[in-house]
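Just below is one structure, and these are the notes that go with it.
Read from first to last, the chains carry the letters A, B, C and D; within each, the first residue is number 1.
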Amino acid sequence: METVKITIDNKQIEIPKGTTILQAAKDAGITIPTLCYMNLPHLAREHKPGSCRVCVVEVKGHKTLVPSCVTKCTDGMEILTHSLRAINARRTVVELLISDHPKDCLICPSSGSCELQDLAITLGIREITSVENAAISTYRKDASPSLLRDMDKCVMCRSCETVCNEIQTVGALSAIHRGFMSVVAPAFEQDLTDSPCTFCGQCVAVCPTGALTMQDHTFQVMRALADEKKFVVVQTAPAVRAALGEEFGYEPGTLVTGKMVAALRALGFDKVLDTDFAADLTIMEEGTELLDRLSRHLEGDENVRLPILTSCCPAWVNFFETNYPDMLDVPSTARSPQQMFGSIAKTYLANKLGVKKEDMVVVSIMPCLAKKYECQRKEFYTDGIPDVDYALSTRELARLIKYGNIDFTSLEDENFDRFMGESTGAAVIFGVTGGVIEAATRTAYELFTGKELENVDFHELRGLEGIRSATIDFDGTPIHIGIAHTLGNARKLLDGVRSGMYNFHAIEIMACPGGCIGGAGQPLHRGDSSALEARMKAIYQEDANKVIRKSHENPEIVTLYEEFLGEPMSEKAHELLHTCYFCHPRK
Amino acid sequence: MYKMQLLVCGGTGCQASASATIVEKLNESLKAHGLTEDAQVVTTGCFGFCEKGPIVKVIPDNTFYTQVTPEDAEEIVTEHILKGRKVNRLLYENPETKEHISDSKHMGFYQKQMRIALRNCGFIDPENIDEYIARDGYSALAQVITELTPEQAIDMLKQSGLRGRGGAGFPTGLKWEFTRKYTADQKYVVCNADEGDPGAFMDRSILEGDPNTVIEAMAICGYCVGATKGVVYIRAEYPLAIKRLEIAIEQANEYGLLGKNILGTDFSFDLELRYGAGAFVCGEETGLIASMEGGRGEPNFKPPFPAESGYNKKPTCVNNVETFANVPVIFLKGPEWFNTIGTEKSKGTKVFALAGKINNVGLIEVPMGITLREIIFEIGGGIKDGKKFKAVQTGGPSGGCLTEKHLDTPIDFDSLLAAGSMMGSGGMIVMDEDDCMVSIAKFYLEFIVEESCGKCTPCRVGNKRMLEILEKICQGKGDMDDLDHLRNFAYVIRDTALCGLGQTSPNPVLSTLDNFYDEYVAHVKDKKCEAKQCKALATYTIIPEACTGCTVCARNCPTDAITGERRQPHFINQDLCIRCGVCYTKCKFNAILVQ
Amino acid sequence: MNKYELKDSHKKTIKEICESFGNKHGELINILHRTQEHFGYLPEEIQYEIALNLDMPLAKIYGVVSFYSFFTMTPKGKHPISICMGTACFVRGAEDIVQALEEELKIKVGQVTEDGKFSLDCLRCIGACGLAPVILIGEDVHGRLTPDMIPGILKKYE
Amino acid sequence: MTKIKSLDELRKKKQQLEQNLEIREKSDHPESLVQIKVAMATCGIASGARTVMNALVEKIRNDKIPAVVTQTGCMGYCYAEPTVEVKKPGHDPVVFSYVDVKKAEEIIDKYIKNNELLDGILPANYQTI
């Protein structure tokens, strides 16, 4: 490997050719502050517009300071990262950013996790040089069901633009206007609801400030909990238990299922139940649908459309409704686990517990921001009442626990309540990319072949690669499976299907990098891909720990069909567990 | 065979003053007098002497008529063409001796000029490629592609010492060599014709007056760097230049001087146009490339330089119009010839758009090394209305304001930089005692704030903050700390902005702070604007002796600050006065004193 | 369903313009130029139609339209007035001309008169510095202006 | 328009086209050329100055004489029209009288080419500018 020798802050080091000053400094143990720089190694994308100018350093022989994130080291380069000139410039730049930023940090949703705030602290900024009543660029505020946009707080790092366009290929956001008024926004600064936004929330996950944040429903949930007339049921998604601990100082990948249940109970939820139960239910319905289409296809039925696409991910549902209106009959009609849980809770469970449907409040804890939008979709209202009332993110739950003064770390593990608290390993892996299709395979295999599946671990379906494919042998019938995570990869896969390049029987798609473990409602990992890997490991660990690992073997599921639903895809099941899709092309 | 020709300036300035109608009238008149066989009317590019436009030049006796109106056409034909008598009243009058000068060669405006880039402007019909060919047009291209290797040609250009005329003065030959060095399946030659400096119009004049020279040079460049495609990125606000360029490209294609296998060689070169859409920042080459690709014209970090990865991520050689206009001549006359013109480090000539408070506004081309004094007082004919010279701004929003003490500095890339300004693309605005330098700095900052792309923090926010400080100073609310803040912001922006335009954007402020510090202090401490430009700093008083008590001022004052009995001298209450100046404009008796 | 409704003939025009540039994203600015030339301005529904034809995000198109001062989303007056704000014009009193025009037309820069006759905009140097200060009314250049000449000039366009 | 296919063709083309620009090129540096002025006031035109001028222009082009033909107002020799003034570089101007087409050709052949004087020279009684 070709190397270059440089001197950085009077230290001589040798580094590979092509290394940036920022990386070289990091290797030498020197921290250079950054703002617009964002590394997403798990997506093989480095966002470095070199525009915030916070990371400027002095390089001998250079007329101006240079941005360390984009400047590559050359042989013999002499760098001073903290010369007075560099520090003054950096401070002035941050001062300028703050001068065009609201000063409501006390009540900002990002207070405490804001990179601009961190910079102000690191650089010790106490005063802002500007004239009285200096202009602050202000923009239209937008509150969508999932996301809040307060672009007055935008620092023009444009990470959200990169994520929305290049990673997700959603194209809802672009830099608009120019100069002092330039900002990232949907076309015409319209509402996100009118844009092609899918509410995946990945923009929120990368926003360094409080410009893009999530809708906060913690207050509504607290109010419901305090209302004695309400019977508040909570469900927790699989990916939450693998990440919640991070908010309380645990290493990424620490499973905190038991503590989470205990905390929820301590918060006063009347029933602490599991979305995993509904995930098993999803497999029953979606798996049956897959088998149905598959068998008809194998029998030569021309009208059957394959591949079947998973439909658990609400951002993905939004994405195909917007971009693939010609393929609305391709995805499975099965609702997502969150919504299946809601409709069963407010019918079967309410009835069983003797609770009036109107008095029941279903709260879900989700790694996802699009779930907030999903539970507000009109199809998921029955008689004017939503099946799921509030969807909280993992981060909101952590806050709720903190508000409740619950010492999370010292909680004893507890178990989910029954009914709707039992789940299988197949349900747990819904939390990672490839998990849904693996779970479906476990059940479909047995139903299709009528044989018992010995080894339930389909390693060929796992991993973090953006687009994966595998062929599973269904006892002589090869089943082709495609998997994509991030919407950009979904688009590539779908375009390939549309053009006939791919020939799959079933496809799983998750909008977020890594699947739900990388959801926008999870603790922010700021591009640290090791966190994603650890969460993934934890999920598969939880799966391995489960006694039952196939959805159709979940005893509660068996009971539910016996007592209430009858068969998968029955009329009742259709009414409560399936949905239809709407065409709303947007650009 | 025509015995006489009437060259009529068809530049934008003269067209604005009805030069097209003059052409029409001249033709009508020639026809009426049966002279269509003898004399021909030719529309040419800009003569440069815009102050005195429209210009009509009669050939072969070289008579230079100024400020011609359509009504003068008949007289020119009957007197001059028919009877051989010059129309004296249309001749240029020497402002000092009041003598009428017939030959432009004897006019101060032209005497010190040397025309290389503008050699054909005002001489040939830009819409007729034949006239360009007759002036050795395309010979340089023919010679280069049939007799020289690209390396030899690049060497010649390097020897000539030609530096980019667009701003920073990077050696053109080196730029070509860099682009040549990279291998790629496709390379591009780009002509930057997005002239954006307010008050600069040299590129437009070249394209309007001699579009073929740019086309020829781009083809030469294509041969040298190994590109087969060229793009001219031109401002949409230049419709005439676009039209003439389109005509020239079409004609060159028809002659096979563009297109496949030019002059029977293996070299092929195609040219297309891209339109700018009103963004100053697209003058920066990476911004220009972003715009050419159909996006927001935001500059990108260099390296990679366009020579390595430019338009469509392919090696791209970007030069501006004036740079290209020099290229064919260099190959025709040789690098040694070019080398003899100019100063040690800046060879050749430079075109300037001379404007502002000067007698002879216009486009001039002078050898490098000429002094500002020669330009302003000899070519420019001195300051308008006999006022006192105060400053000259060069380089547009990237440049600075130079003063009296710089008047004898020989002008070249490096000396201007050393003086705190820059060559820029060649705007040269002269200011007199009535111009407030704080307001001038504010004017340029307003422009920068308006035109900043908004990508990097220092330019996006920093310039806005500087502008706010300047506004505060002009309002009379500044304090001495503000001057320090201005300086700090200016230094940091210069040190940290992303692109060349951002880095040079504080120059107008810095140079005025350096050269006119006292004026800033007067604004801040004494709340005074000597030039009386800052309205908020003026005091309006009524001269009792001159006031007739007509009450017009009192009736028009928006704050009722003026009181007084009818037919008695009025009085302005300074506490109520908002310094709007209405009383001053309304008073018919010059009784309002502004201080 | 769609909030953007355009006449079919307009849709056809836009389609033809986009096709004439091969529906290439790289030609967006040329397409916008041609479209604005045809319609006079680029309202939301036209940008939406271009987005459909080019199959690119509307936000990106708006990002480009809002970046360049040449593109406008509001219709201009019958006689668009552009005031040159180049340095030469500035030092020769362009600001007074702006003021005179604003007073005379009773609109601010960037607006259109109520009767739709005139609109007022500033632009960068048009290169007629010899005639400074200069305004453009439609295609006509008026130079060497003083504020008191404004009413007379406007009258010609009534 | 036909394509130009080689360097030679371009050169030929240039030579053809040059003529049209000739008078402009010449007017750019008149001091090095023979300057011929034809008096073209009413009296001159009446006595045939226009034909004379045409003949001069024609012959200069054909014989490739480095000369420029301009017209001028009445020289004051109304009795001797048409009159033609010739100024060779470094010489005083000479005025020829009663010039017709034949004499015009002689002026070129004899005076301009060989410095021979002809009959009918008028005394130059003023300095032109």
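In this section, a contact is a pair of C-beta atoms (placed from the backbone, for glycine too) under 8 Å apart; a residue touches a chain by one contact, two chains touch by 3 or more.
Predicted model only: the values in this text are computed from it and were never measured.
Asks: Which pair, A-C or B-D, has more C-beta contacts?
Replies: By number of C-beta pairs in contact, B-D is the larger.
Asks: By C-alpha centroid distance to the whole-protein centroid, which chain wins?
Replies: C
Asks: Based only on mean CA positions, could you tell me how far chain C sits from chain D in angstrom?
Replies: Centre-to-centre distance between chain C and chain D: 54 Å.
Asks: Chain A to chain C: how many Å between their CA centres?
Replies: One centre to the other, that is 43 Å.
Asks: Roughly how far is chain B from chain D, centre to centre by C-alpha average, rounded to an integer in Å?
Replies: So the centre of chain B lies 41 Å away from the centre of chain D.
Asks: In whole angstrom, what separates the CA-based centres of chain B and chain C?
Replies: Once rounded, the distance between the two centres reads 23 Å.
Asks: So which stretches of chain C touch two or more other chains?
Replies: 60, 63, 67
Asks: Would you give the residues of chain B that are in contact with at least 2 other chains, written as numbers and ranges?
Replies: Only 279, 296, 453 qualify.
Asks: Quick one: which residues in chain A touch 2 or more of the other chains?
Replies: Only 175, 177-178 qualify.
Asks: Between which chains does touch occur?
Replies: The set of touching chain pairs is A-B, A-C, B-C, B-D.
Asks: Could you please specify the touching residues of chain B with respect to chain D in the complex?
Replies: 1-5, 7, 38, 59-62, 81-85, 102, 123-124, 130-131, 133-139, 142-143, 146, 251, 254-257, 263-264
Asks: Chain A touches which residues of chain C in the complex?
Replies: Per the stated touch rule, the residues are 1, 3, 44, 47-48, 51-52, 56-63, 66-67.
Asks: Where on chain B is chain A touching in the complex?
Replies: On the chain B side, the touching residues are 279, 281, 296, 298, 300-301, 303, 449-458, 460-462, 464-465, 468-469, 471-472, 482, 485, 488-489, 492, 494-498, 503.
Asks: Flag every residue of chain B that touches chain C in the complex, lowest number first.
Replies: Residue positions touching the partner: 12-13, 15-17, 49-53, 196-201, 204-205, 236-238, 274-280, 291-297, 312, 353, 355-357, 361-362, 393, 396, 427, 429, 431, 435, 440, 443-444, 447, 453.
Asks: Taking the touch rule as given, give the residues of chain C at its contact with chain B in the complex, in rising order.
Replies: 24-30, 32-33, 60, 63-64, 67-71, 85-92, 123-132, 134, 141, 143
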